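Below are two complexes that have subunit A in common, paired first with subunit B and then with subunit C.
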Partner chain A sequence: MNDSLPRVRRRSAGSVLPVSLLLLVLLPLLLMPLAAIYIFAGSSGLAGFWEALRQPDAQFALRFSVLIAFATAIINGVLGTFAAYVLSKYRFRGREALLVIVNLPVAIPTVVVGTSLLLLWGPIGLLGRVLDPLGIQPMFMPAGVLLAHLFVTFPYMLGAVKPVLDELEVTYEEAAYTIGANRWQTFRFVILPALRGGLFAGTLLTFAHSLGEFGATVLVSGNLRLRTQTAPLYIFAQFEAGNIETANAVAAVLATLSFVLFLILQRFTQRVVERPS
Partner chain B sequence: MSIVLTNLTKRFGRVLVVNNVSLSIPEGELFVLLGGSGSGKSTILRMIAGLTEVDSGRIELGGRDVTDLPPQARNVGFVFQNYSIFRHMTVAENVEFGLRIRGAPAAERQQRRDELLELVGLTGLGDRYSNQLSGGQQQRVALARALAYQPEVLLLDEPFGALDVKIRAQLRASLKEIQKRLGITTILVTHDQEEAFELADRIGLIERGSLIEVGTPQDLYYRPQTEYTAVFIGGGNVLVGRNVDNAISLGSVRLPFPEEAPVHEPGAPVRVMFRPETVVVKSSPDQMGQAHVLGRGRVIEQVFTGPARRMRLEIEGLQGVRPLVPPPAYGQLAAHIEALVPGSEAEAISSSAVGELWVGLTDYHVLAPTGPKILICSDGSAVDEAAAFGMRLARAAHGPATLLAVVPASGEVAAARARLESLIEQQGMQGHSQLVASVRQGIAHAEILTETQEGSYEMVVLGRSPDAAGRPLGIGTTGQEILAQARVPVMLVSSGRSTIERILICTAAGEPGKSDVLFGGRLARWTGAFATIFHVHAAGAPAHERTRSEKHLRQAQRSLEMLGVKSECAIGDGEPLRVILEKAEAGDYDLLVIGAPAPRVPQRFVWRDLATQIVAGTQRPVVVVPMQER
Partner chain C sequence: MINWRLLSRQVVLYLAVGGLALYAVWPWLPGANRAQPRTIVVYGFSILGEVMNDGVFPAFQEHWKARTGEDVEFISSFGGSGTVTNQIILGVPAEVAILSLELDALRLVESGRVDGSTWRELPHGGILNRTPFIILVRPGNPRQITDFADLTQPGVGIIHPDPLTSGGAQWAILAEYGSELRETGDPARAYEQLLGIWQNVTSQASSARAARTQFQSGFGDVLITYEQEVTYDMLRGQLEGEIVYPKSTILSEHVVVVIDDNIPRADRELIDAFVDFLWSEEAQRIFVEYGFRSVDETLNVDVPYFGVIDDPFTVADMGGWPEAKREIIDAIWKDRVLQEVGNE
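So, the complex of A and B:
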């Protein structure tokens, strides 16, 4: 009974003004732009929409984006979990500094990330200068795009898994040890299952961010169609060329994909919150 | 499987958490480690399980040395206070986990799981997850999980600490029953006395990392060996009396020594402990029956507790008796004692003559006398012979000791502490439970005197550095100040002897002392040394003086006999200083004991002179004992 009390109050007549004010602000800010994508995408009819999507460039861009996002999510899923485990369970010199560094990609503008990757791997970069003559050059290649995406999305996995690990009592592991499980068995049967929620959320976040990444990608990919052009780059290129409909069609697909991921994530986190631990 | 711990020691940084703990637990015993928070009891348990590394010492489980084995290889069952049930596994999966890790076939796992769930009373709950269980149920799962793979020992770390009182009682009963049925050697850690009493075959009391006492609950309750146990376990009364003519003198009250009482030296303090329920309170002395009468008393305070009434009583006859527990209030004259009087009797008392009560004891217990408490002052040199000698003495005497350094400035504290630690290590006494290092900042003699008083030490050991004039055997200003002001014996050491086998107790000339003989005797008892009581007659002393001092020497020898010290008497003639120094050289004594009158006695200069001259005249360690005023 007590729980329902504030809810009743929120529904009272007094809420009409603040709620409508909020909607008024959000309408041009968030809701209308989102709607615009779909309106424009469908402006030349379903046939035009399909036509735009059937173009080889568009197909490639979408497939390439999803592929890169998958690869990023898997690699960063493993790396991020490992980083979270080390940073959560071990106390060592420089741990604080390392914590700041691994979270840094969130704060750095993505264009700066792209630039710095070019300055490292590019033909005149620090490493590139040595590797380029040997025929190793990740920049303007799919590998370069992957590198950029790994960099930019690294903190998401860490952010999702580390809090769960921090919350996990030391005795949880110790219980497994005394029962006879070795380190690997403890990780595999005791820790990993406890991390399920964090792993899922982290992977999904990484995937979503990778799907939409633009700033770093545009610099390291060279924006080469049918080779390194991701969906966001394709949309940008089509806009620049004046093919607004084509751009919009791909944008609508990307937006839908993101919505779905977001909804899954939302549902999932809600379930975690509702389940008492 | 038996559990044997040998000299187990653990430090976290600079803090000594577990201090030289040795313990042997026979197969099938339920042993409870009892102690306050931060006492190190959990650390001991974790070391046995292999969850915390051992600094030094050894752990054996069933005769197998497991000190360096990882937890997985020790085959112990461990139950944590926070249950630590694996949340993503069902109850059944939790219980089976140990068997699954060991690769047991499914059929065996299921059978064992069902047995265990029945054992802990959770039959039918195998499919639940931990969030569908109450705290008590979760702890039952944890117990089943820890027993599933048939561990050699069961370790429980405050297992019922997070549960409410009623559930706790149920679980205790279950645990005791299960433990007895399986016959598994078990250690349970708790801070809860009631729990310890209810469960334990034996209890080990832990305080600041040291194992204070081990015994059955009855032993610890009725016959504790140490003051700490008497105070920590149950509400108790501890009064300090004195051994007078082989009886315990408590103010005007005399109590006989109980048969099992440890031997006390004549005149030594005797700590008498009795429990509140052994105090008898009646309205007239005729009703006392077999109880030992303490005398008339009055009620200071009383609380109704249901079946009994808890009273705080003031006893006339106990005026001037020092109570240890309950701690005396400021300005309190007579010792207060706690009594627990059955309800019906309490009603009878309060209805009869008001204020006129008689108090007696049906039972009391005498605590073991402790070794001397020694303050060892380091003179600041790297090879500190006085400190080394003092530490050897403290070790021989089994008494608590403090190694003290005084520095003039706060900046030198750390260096001084490091030096003390290295001195302790030179003596191989690191981790010794009764030896602590301490650094004070200020003027040397003032700080030493303050520490002596605050710590109620029984002796001060002081080094002799060359004095201002460069004489190697001078006493120095610090030494002089301490000799003049200290109320306890002061030992002056220039070069230490490796052992103390022969002690020369000089009663010198004039009025023969008693305190010097008794203290010399105690020193001899602690060190197992042979004592020579030596008296010097001034040249041309009258005959009646000689007979008197001979009589005194015989008495002194008898006193030493009572202490269990072997001794001889000797008499010298001539100038006391010269005769004593010659005697010391001739007998190659390891230690000289000499009495000096208390500072307020007028002839102090004469006497002090003899004492200081003896000190200055020999390289041997000398103890100057202040004479008690009469």
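So, the complex of A and C:
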């Protein structure tokens, strides 16, 4: 892949020391904890691992997490792209403030997000007080989990798409307009293709973050087995209950899934960078 | 020109995403012939997890199937009693709650989730089962602990659940204070004992179960917890430690609360049948099998793993929960012990 660009690499004997030093630091910090999950998963044998995974509540938790992640990725994929388009293409009063607000979820602790959602939608909350008597109560329901994930992951799509839009030459759009394309056609045939890489990366990031979300979910889900318990909550609950093997089996699956997502993301972004020719 | 490498890569990607999506929605696909069984939503405090999931729920499912031919599904969540109570106050759809202490049930009344002390109309005043508070020490009892008083020795590391979220922790405080009060009748000495113990608390876990997990992971010298927590492990041959029975200790009493507002009218009969079942001899025997002391004293006779306590007492001996909470937990533990421990 990289054969066209001969990189300058130092292969001198001098590199041995810094490299091994780095590995020595990373080993207990990053590599060994990750390895511990898999080693522990294997220690009770493959049979024990499968048995733990086959539990209906473990299966539910994994499926529920994946479903929520898909829903979050799709909804925030559309919303985030729309937000990026508006913020990138239009100049209006309050744009700067809006930019800060939409990026805020990155900076806010997720537990705070959970609290704030409860204080808005919960039975004692601002909206909840009005909606609860009508029988509308998203908290402690799958909808509440989705709301929390939409909030927490909102900036990722924006962050992936907006820089591409900002870079996009206006001349392409102008050219499209001059040959009679309307606004939608311009978006569909000029802007969207250019955004493909950003859309893909943003969606994947959103998906991955949703899959692992814990802090906000633990507050708004009610942690109900077979109803609203996501995979990270399942891991936490089982671990706290002392069922370390069960917790670890799901943790291993979640880690693997995230790892694969990350690999795809890595390879894809590389390709996008290489492709312009 | 078709770029085959790119295409195959895309195909793999689509297959992977499609496969993952299919896996996720599989149980909900139409034609997966899943007749929706009726459900009972149970929220319980931490140590009830196993006995309910593995013992009582399956027994009731069989019982109900034999009686009506219907399948019942249990949806449950177990956590610290305070956590569970807070979740119910905030609106989780619990139909039946089993709380570690009546105090949490009273909080449900206060918040309007439950209409008055309805549990008192249930069998045994709503009390499902009991278990005394004991001291668990490391194998061989290296610290020579024989009673609560020994826990005040400097250097003893105590794992204690957090009274903010754990019902067990509140029971433990009553045991730590009340045992000395009963032996000496002197509130000052009882206070000294409670203070001494709390000066040695090195970790506060969110629930009794979480505290046990910490102790099992090697933290601390001593764990103060429900007898059931420990006997249950002993029965499975997983106990690493020894139980020390204090001369005098409290028997915790666990309360069943039915959250009427969360029960659809169609399920009323089912929920009532389940609640009645909890006090049936079959269910009470299951509780004993898992280390709880039954409300039916005849079932507790000759159970080898129930240790002897010279002077057991209940919260009624301390004036009932509202008074014990006000006079001991708040006025003594929270306002005096916690302040003093914090000032060191």
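As a convention for this text, the second predicted complex is superposed on the first by the 267 of 277 C-alpha atoms of A that agree within 3 Å, B and C clash if a C-alpha of one lies under 4 Å from a C-alpha of the other, contacts with A are read in each partner's own complex, and residues count from 1 in each chain.
Everything below uses one rule, namely that a residue touches a chain if its C-beta (ideal position, glycine included) is under 8 Å from a C-beta of that chain, and two chains touch if they have at least 3 such contacts.
Keep in mind it's a predicted model, so treat the numbers as computed, not measured.
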After the overlay on subunit A, what do you see for subunit B versus subunit C, clash or fit?
fit
Does subunit B (first) or subunit C (second) touch A:Phe70, or do both, or does neither?
second
Regarding the shared-chain residue A:Gly242, is it in contact with subunit B (first), subunit C (second), both, or neither?
second
Comparing subunit B and subunit C in the superposed model, the one touching more of subunit A is C
Angle at the Cα centre of subunit A, taken between the Cα centres of subunit B and subunit C once the superposition is applied, in steps of 10 degrees
150
Can A:Arg196 be said to touch subunit B (first), subunit C (second), both, or neither?
first
Just to be sure I read the superposition right, which of the two partners does A:Gly159 touch: subunit B = first, subunit C = second, or both, or neither?
neither
Which partner does A:Pro105 reach: the first (subunit B), the second (subunit C), both, or neither?
neither
With the two structures laid over each other on chain A, which partner does A:Tyr172 touch: subunit B (first), subunit C (second), both, or neither?
first
Once the structures are superposed on A, label A:Arg227 by its partner contacts, choosing first (subunit B), second (subunit C), both or neither.
second
Just to confirm the value: shortest Cα separation between subunit B and subunit C in the superposed three-chain model, in whole Å.
8
On subunit A, positions contacted by subunit B and by subunit C
none
Which of the residues in subunit C end up touching subunit A in this complex?
13, 16, 20-21, 23-27, 41, 46, 49, 73, 75-79, 87, 90-93, 206-207, 209-210, 212-213, 216
Touching residues (chain side subunit A, partner subunit B) in the complex:
169, 171-172, 174-182, 185, 189-190, 193-194, 196, 275-277
Sort out for me which residues of subunit A touch subunit C in the complex.
59-60, 63-64, 66-67, 70, 118, 122-124, 128, 132, 137, 139-140, 222-227, 229, 237, 239-242, 260, 264
If we count contacts the way the header does, which residues on subunit B are in touch with subunit A in the complex?
49-51, 70-72, 74-78, 80, 82, 84, 86-89, 97-98, 101-102, 131, 142, 145-146, 149, 155
